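Pasting the structures in now, so scroll down.
You will see two complexes here that share subunit A, one where it goes with subunit B and one where it goes with subunit C.
For the complex of A and B:
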């Protein structure tokens, strides 16, 4: 009883603190259920051999990690993942940056139309987009192949060719990601004081310098956000076209780490391997994030 | 103080998580009807509309059972995966379509009840239904390696060769199509030379069904006594024919299944080797003189065609749902429903009395020559090879990876088949 009153006394003293914790509880619960718990469970599963259905799991220690790391497939897939990152950064970060700049600063007419036209595809489901592009880009008889045929050109057999398959899947993914990134960057560039831009114009600063030396630094806070979100999110978005169109094929040439973790768990039911791949993926991304904080974050301009 | 608070928070969290785990699903009964789920793999282009129609008609005439149909993408493999996920969460549908190649995997890993058992317990009037209406060799398709009757054959399909007669005539070839695989190769060459179009497309979905037909028709055996044995001389010879057509002659396409069938339908490729289940899709959409002919044989050998399609198995956990499941299944197996199913999908009816029945398919088959090819070649049907044990799916996946590598030319047929056979046998140990 005395302990209880003791606790109550302390509780009263720290009422302010407790109130704060109380307000945090809802989000902590959500995080715990949807992030921390699955993460811990994944770590746990990575030490077991299990097929997701059998009632018993066999403890295998680090064998899953050793098997994954000694599989040449894993390295191909890591390579693919970085190729995806580079391509997606080019398509979904660099290009929309330039587009946003051109539409906001350079063009004088139809700005509203461009804005909505660029954003529109982001509304359409990627599954629908994937099916649509499978048809449009059918190398034998799709509309694009027919148009190319008139010009005497041939479309590469992209679903079955290494390299091409990653490029085309990245393009299909940009269908979803491009518009959103574009709008963010546009808003940021739009928020830059017009006086700065106008005075640069009066001084006859060429457009490329205007972009690189004024617009880019002044919108860098949003820029870095888009940069990171492109890496993290698009790799997950790529999952959809990979699943719909190639299932990771030909021979894993279009698989990335995220799809491969899915493939191991839900196609061949090796949850241990899948969990090990997930943990390795997370480690890789932690390193990337660390590098980003070390190298890029310092040069960022935050307005407030 | 802080520690206390942290501990209480942690406790609360664990309680909450535990609470989340314990809500289990029971059979939902609304207005006195037992609601059961029926899982199928039929997309709109592969009979989905017929499934919808059959389920609606059934629900309208039944006072006791309400069926909810659930579509599973990615064919039988996708359905298995969803079933796995649902079983892990403690749920189960009542009736599922199980693809032949998953027969052993299904019976090893999921709980099911043999249809005959449900019939014996609840429907004495149907006691001999399965013996009377199905041929014994067809019923055998639904037996697992221990000889247990896991389900009832529902959809039966075999691969056939679809031909574009307009292109064949244009190339000066026999408009009845090639009879042997050797002829398929020759025909494709002529088509490429005469018309500039691709000659042939060999289906490439996420399974090795058609590959089995190609290899086993030449005398190879996919599985012998639980071991992979496809890399025999005959197997290599058969696979080489396909690889040569893609890589050397460049007369055959190597593209995804959807794209391949689409290319046949719009007339860019003259012949397509794919399942009879694509019949209504192809028939409805092709704008040319299209026909389906029997699966090609190898010179001097009898074709051996794996039965594709699925059986219906009862996975309902309790008696009430099991009873409802058979009530629904016996509706699906009526002559009229079977006939609708065939018309909507192109599957060959597993019941022996549907093809000749007046209220079945008699007039339909007379009018639809494309179906005849599949009905006629039923005597060559063998079971779909399914690798035993937990690694079955991995073995299947290795063969798919091999297909990509062979057809893009990064490995020779002989090397690839031998290597993959060794790998699979290692896995199966």
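For the complex of A and C:
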């Protein structure tokens, strides 16, 4: 009898597990077809010379990688990519971290208003943002140029100027990304026990020390998440203003690895190069993430 | 300790300035969309139109199948959202309430896909959609996006906060998983599911990169693509009409924002990223 219940129980458990797998099937099918297989196929394509139309793909081994890595343009674009990453991190990770701290811990008034207002652009299309800022920041006839004109200042012709173009495109992207990161960080800081904060304040701990020694470590799990999505996702968001406003120009000055992979594939139809660039991009991301974890591993405080 | 008044005032000024930078463009767009083009050029600094007119909207309806385009955007965003919510909810349930071989690895792999840049999957996905004959069709836009790792992640976080005993008691009562899902788990995670759903809807509504690859004719466009048509390399001669499209693109997200922002902020606060 006992073996019978044992078997019955096991049968039930297996049936339960089968049901569990069943629940995962829809997601797994979508991911298998549209993420995992494409990933492998891109690796495969990176070893072939192909223009997306011709029926023949020519195997070229590592030649695509060699060509991409021996092209001076590539290094320029990798340099741009790092500049974007640094700017995006400063604007969308460091600044909202400090803002969230001040709004949650230091200030008493308008907290709700700031939260709502800063979150608002996260809901709006970045194409809208790109077009609006192209107009607002137009160096000749835009409203900002006119106000600057009164002060005797000029707005640089940023769409055509190296350096400026990356800064402005980063700012436009940040308009969209800032609020989302801010809300995540705010939520995390808001979850820190008020007793800890109050007792620190009773002890007259200066604000900057409260931030660096209590808030930062205690919200670091979210902090790291925001750090990572800023690198991985904001960089992909930059694609939109680049595509809409500059198409990577002038002379690749605003292109980054994401836009360049698109450009190679869908503008000049060199799928091999595009695939190689994508794989290199992913490798760079992985190295960055790995370094990030190595560096801060010890400092993470898991909130639960 | 009291916060120094001067310090507080400085911060308020900084935050007000930030809010102004973030919100001003939206208000500006609405104002501009009701200005005739000439007025927009002559009175750049007037946010409110001196002679409000519907000219831009009329031009827009004359030149573009804007109702069709709005409808496309709405269908894509709705279908994608519904599928993503269902697939994410089911997967999250499996990850939280079942034990099976390779569960941790599978979860790790699925969540890991968040960090794959879209360029890595873009060419093969384009080829798949092309093979299926779905280029220039809204189905081609929707098909690759019917599941979502972030959705699985957030809904799983929310399910994990439900006391295990609740589900265990139901199991002891011989309640089937289908009923537990529907009658116990779903009502408890509904706020999170709503928030995630709104977020999916907004993201898909605003999506640009993938539709730009798939959709070719204006009849099949979504709103962000229609908007892009008004940016000419010479610098937008149809600027005020572009503003009218912007306003149409923004209306639904703004309404959803007004209704649901507390919900979404609340979901981030309670389930968080841990």
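Keep this in mind: the second predicted complex is superposed on the first by the 277 of 304 C-alpha atoms of A that agree within 3 Å, B and C clash if a C-alpha of one lies under 4 Å from a C-alpha of the other, contacts with A are read in each partner's own complex, and residues count from 1 in each chain.
The criterion applied here is as follows: contacts are C-beta pairs under 8 Å (C-beta built on N, C-alpha and C of every residue); 3 or more make two chains touch, one makes a residue touch a chain.
None of these values were measured; they are calculated from a predicted model.
Participant: State whether A:138 touches subunit B only (first), subunit C only (second), both chains, or neither.
Facilitator: After superposition on chain A, A:138 lies in contact with both partners, subunit B and subunit C.
Participant: Thinking of the overlay built on chain A, is A:209 touched by subunit B (first), by subunit C (second), by both, or by neither?
Facilitator: neither
Participant: Contacts for A:232 in the overlay, against subunit B (first) and subunit C (second): which applies, first, second, both or neither?
Facilitator: Second partner only.
Participant: Mind working out whether A:194 is in touch with subunit B, subunit C, both or neither, as first, second, both or neither?
Facilitator: Neither partner.
Participant: Under the stated touch criterion, which partner chain does A:270 make contact with: subunit B (first), subunit C (second), both, or neither?
Facilitator: first
Participant: Check whether A:245 is in contact with subunit B, with subunit C, with both or with neither, and answer first, second, both or neither.
Facilitator: both
Participant: First (subunit B), second (subunit C), both or neither: which does A:52 touch?
Facilitator: Both: A:52 reaches subunit B and subunit C.
Participant: Looking only at subunit A, is it subunit B or subunit C that touches more of its residues?
Facilitator: Of subunit B and subunit C, more residues of subunit A lie in contact with C.
Participant: State whether A:33 touches subunit B only (first), subunit C only (second), both chains, or neither.
Facilitator: Touch status of A:33: both partners.
Participant: Take the contacts of subunit A with subunit B and those with subunit C, and give the residues found in both.
Facilitator: 17, 21, 29, 33, 37, 52, 134-135, 138, 141-142, 245, 266
Participant: Name, in rising order, each residue of subunit A that touches subunit B in their complex.
Facilitator: 7, 10-11, 13-14, 17-18, 21, 25, 28-29, 32-33, 37, 51-54, 134-135, 138-142, 157, 159-162, 245-247, 249-253, 266-270
Participant: Residues of subunit C touching subunit A in their complex?
Facilitator: Its residues touching subunit A are 1, 3, 7-8, 11-12, 15, 18-19, 21-23, 25-26, 28-29, 41, 44-45, 86-88, 90-91, 93-95, 97-100, 106, 110, 113-128, 143-147, 149, 152, 177, 202, 205-206, 208-209, 212-213, 223-224, 227-228, 230-231, 235-236, 239, 242, 246, 249-250, 253-254, 256-257, 261, 264-265, 268-269, 272-274.
Participant: Which stretch or stretches of subunit A touch subunit C in the complex?
Facilitator: 16-17, 19-21, 23-24, 26-27, 29-31, 33-35, 37-39, 41-42, 45, 52, 99, 102-103, 106-110, 113-121, 123-136, 138, 141-143, 146-147, 175, 178-179, 183-184, 186-188, 190-191, 201-202, 204, 221-222, 225, 228-229, 232, 235-236, 239-240, 243-245, 257-258, 261-262, 265-266, 271, 274-275, 277-279, 281-282, 285, 289, 302-304
Participant: Give every residue of subunit B touching subunit A within the complex, in rising order.
Facilitator: Listed in rising order, the residues are 1-2, 4-5, 9, 13, 16-17, 20, 77, 81, 84-85, 87-88, 109-110, 198, 206, 253-256, 258-259, 262-263, 266-269, 390, 393-394, 397, 400-401, 404-405, 407-408, 410.
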